[in-house]
Amino acid sequence: MKVLIGKDVEEMSKIAADYVMSYMYQEKQRVNLSITGGSTPKRMYELLVPQVKDTNRFDHVHFYNFDEIPYRKEDREGVTISGLREAFFTPAGIPEERIHKLDQFNYQTQDERIEKDGGLDMVILGVGADGHFCGNLPQTTKFGDLTTRVECDRRLKDRILPEFNDVEEDVPDYYITMGPRSIMCARHIIMIASGVKKAEIIKTLMEGIVDENKPATVLTLHPHFTLIMDEEAASLLS
Amino acid sequence: MKVLIGKDVEEMSKIAADYVMSYMYQEKQRVNLSITGGSTPKRMYELLVPQVKDTNRFDHVHFYNFDEIPYRKEDREGVTISGLREAFFTPAGIPEERIHKLDQFNYQTQDERIEKDGGLDMVILGVGADGHFCGNLPQTTKFGDLTTRVECDRRLKDRILPEFNDVEEDVPDYYITMGPRSIMCARHIIMIASGVKKAEIIKTLMEGIVDENKPATVLTLHPHFTLIMDEEAASLLS
Amino acid sequence: MKVLIGKDVEEMSKIAADYVMSYMYQEKQRVNLSITGGSTPKRMYELLVPQVKDTNRFDHVHFYNFDEIPYRKEDREGVTISGLREAFFTPAGIPEERIHKLDQFNYQTQDERIEKDGGLDMVILGVGADGHFCGNLPQTTKFGDLTTRVECDRRLKDRILPEFNDVEEDVPDYYITMGPRSIMCARHIIMIASGVKKAEIIKTLMEGIVDENKPATVLTLHPHFTLIMDEEAASLLS
Amino acid sequence: MKVLIGKDVEEMSKIAADYVMSYMYQEKQRVNLSITGGSTPKRMYELLVPQVKDTNRFDHVHFYNFDEIPYRKEDREGVTISGLREAFFTPAGIPEERIHKLDQFNYQTQDERIEKDGGLDMVILGVGADGHFCGNLPQTTKFGDLTTRVECDRRLKDRILPEFNDVEEDVPDYYITMGPRSIMCARHIIMIASGVKKAEIIKTLMEGIVDENKPATVLTLHPHFTLIMDEEAASLLS
């Protein structure tokens, strides 16, 4: 495990953006990156966009989302891919043929498709205060799981509700996520964390316990795992 | 996970020996391999010895044992390193400066020393019918553990007794092992298995469950894990 | 430059075969190897065949010839590919879809096709007493050349005559070869040499002069160049 | 050969800086970079300095100069290392133990020391309008040369004079340079070029001729050679 601490969100985002760029510069025929939506990487994408748009230098880099929350009622793309489009794909001008969508229609072949594409070179993901990563919330998946569909019980619906502007009837009955085993297959994993709300789970990750109730703890066993955080997230480390 | 099946012990040993050789041929300043004692790799070492001895082509390859059972009463090296010397180091003419012993005196710095040496390029290990690997017997270590000293209760002593020719008073009160986390840090893991006694655990490993009561299941999460077995060990696979 | 000396042709061939195998074991989606015909590698292929046939472990390994002498009169494959089939492809059971033929009909797209296939991971080649490699005989190609068609003047025809059992009317007016630039593009180059007839050119290669009249001297500038020879070929080295 | 064209010096410098950073982010125990002085990389260093200073993330990155012009009369460091200190080492806060000076006192062991340090991961260098790179001016070194001392005849002294503010008596009788063979040993080579004065030599490099009178042409044979330039330098390319 490699640990990098930036003094604030800006510096954490800069470090993370530099890491992502370093994979995009890899001398390979094709580079496959799985990237995260949500609020933590917002600034990182702002730093990446000007470096990536208007150039053909990264035409060999392909992108994958690793989870998806479908909208229930509308015929539109899910929450994750919509967020990634807005934060990164659209402003960066990534063409459709390099965006590999995971959704409710194709999740059963996600792991197989990625393997056929050459495997993921890197996954960059966040961590929840409850220890979840991607859609692997505690008690929803097992360490050994590949990409799966998770049914939403009341507890999960309540968690997801804010993503749907608290409109209960929009909340879907299930969502999709790559499992712990899918993510561990990637050649490198980068986790980003910021803010004091993440300090407790960061402390847990650094203590070295691996516990299925804190799903992200398994990622610390990956031989190429890098944790990038700000000082607030690191505040409980000695 | 990559799975290779040889038709018998001879073919499994040949495949495993070829893999080990391919790491020894890596174009690196230094290659660090952690290798296994016991009966499963016996034939593999017989195939390796003539390729490795009497040449300076592999002077950059260093060897590490990953567990050790010290003798209780005698001032002599432990069971594992003694076995490795007899099966491989001595006939292959590996000089002392490339043999990095783990024992009861230095285990607390094993992980640190390996990291300083550049990390392990590969670990080759066997698997027990009970799902143990190295000295990680069920209920003795946790997935998150680094190298540790395991105290031997009655159950463990009974298990180890045959290694000491059933002489109870030779059996030590503890042994040493690199933990699941230590092994997962290696860049590649190769597991070998032969014989019908291993068919059940092989089936478990292939089913994708990760369970701390079958410690070896965690290794299947490593992004570069290769399983080499004979047809008997594979006999319960569909 | 890495230099390995076996005591005789047997040992040189064993080392070379081990190297070739180590590339076939590389953990990649596809491995591209360009391999040499002629008499020097004969024993090497004998050692490789039993390791490669009757297994699907190497289904990701693709083969390329790097030169070709077409027959003039017959509607048949050229000298090089015919030799490779006899020595290796046929006994090893390599299927057609993994044999990528270079010939007089497709040479102009050879470099482009190889690049599209992901580039060559390794080229294994011999060296002539006159310093030629592949079909790059002195004064026929320049260091900067890619794959090319070489017209055969009288001097060249005399050289090639024995390959055609001294039947003058079979000797073609031209042959095909990957150029020095094509070969230098490969990620690794392995040169094999045996016999006292090669001692002089080996000495030249080791002295470090780079001279277009001894085409093989340029290969010593490749950052991953390995020279494997027997003691006779090494006999003029101090 | 990989070719990247930025629209002006600013964009070329940004691309080059990103490349250098991508090597500094490599997951290795130690990264060895050989970097260039002179005016072409000036802006690149300005972009690198804020990314490199005040962090311990790059403590594994070591720096090497590849040529040196010693001052004749003074007991002070040479022209190249002085320039590198001013442009990069000092503002970036690189400590002495990671600066590996090549000078007139140690040049005979430069290649050996670099090999012992694990080899160069990357060299970034410029190109002269006359086709020189490092101190390999036409007719001063051969393609096969390692690090060497070049005696300055009248012609060379006239060339170097401006570096010494046209003070003739400061101009040394010799200078030091890594040779073409030394540079080709690096795992990656990056060449930067800007301005219309470089357009002619860039055209020559792209045409594929390899000519000892234009020393830089040999670098195009390196399997991992990247050429980064601005539009002016690219203006004669079709």
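Per-chain numbering from 1; labels A, B, C and D assigned in written order.
The rule is simple: a contact is a pair of C-beta atoms (placed from the backbone, for glycine too) under 8 Å apart; a residue touches a chain by one contact, two chains touch by 3 or more.
Predicted, not measured: the structure shown is a model, and the values here were computed from it.
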{"item": "Same or different contact residues where chain D meets its copy chain C, judged by the half mark", "value": "same"}
{"item": "Between the pairs A-D and A-B, the one where more C-beta pairs touch", "value": "A-B"}
{"item": "Centre distance in Å when chain A and chain C are each reduced to the mean of their C-alpha atoms", "value": "46"}
{"item": "Chain centre separation in whole Å, for chain B relative to chain A (CA means)", "value": "34"}
{"item": "Averaged-CA centre spacing for the pair chain D and chain A, given as whole angstrom", "value": "39"}
{"item": "Chain A: positions in contact with at least two other chains", "value": "224"}
{"item": "Chain A residues touching chain B - in the complex, by the definition given at the top", "value": "142-146, 180-181, 184-187, 208-210, 217-218, 220-224"}
{"item": "Complex contacts: residues of chain C adjacent to chain B", "value": "2, 4, 15, 18-19, 21-22, 25-27, 51, 57, 188, 224"}
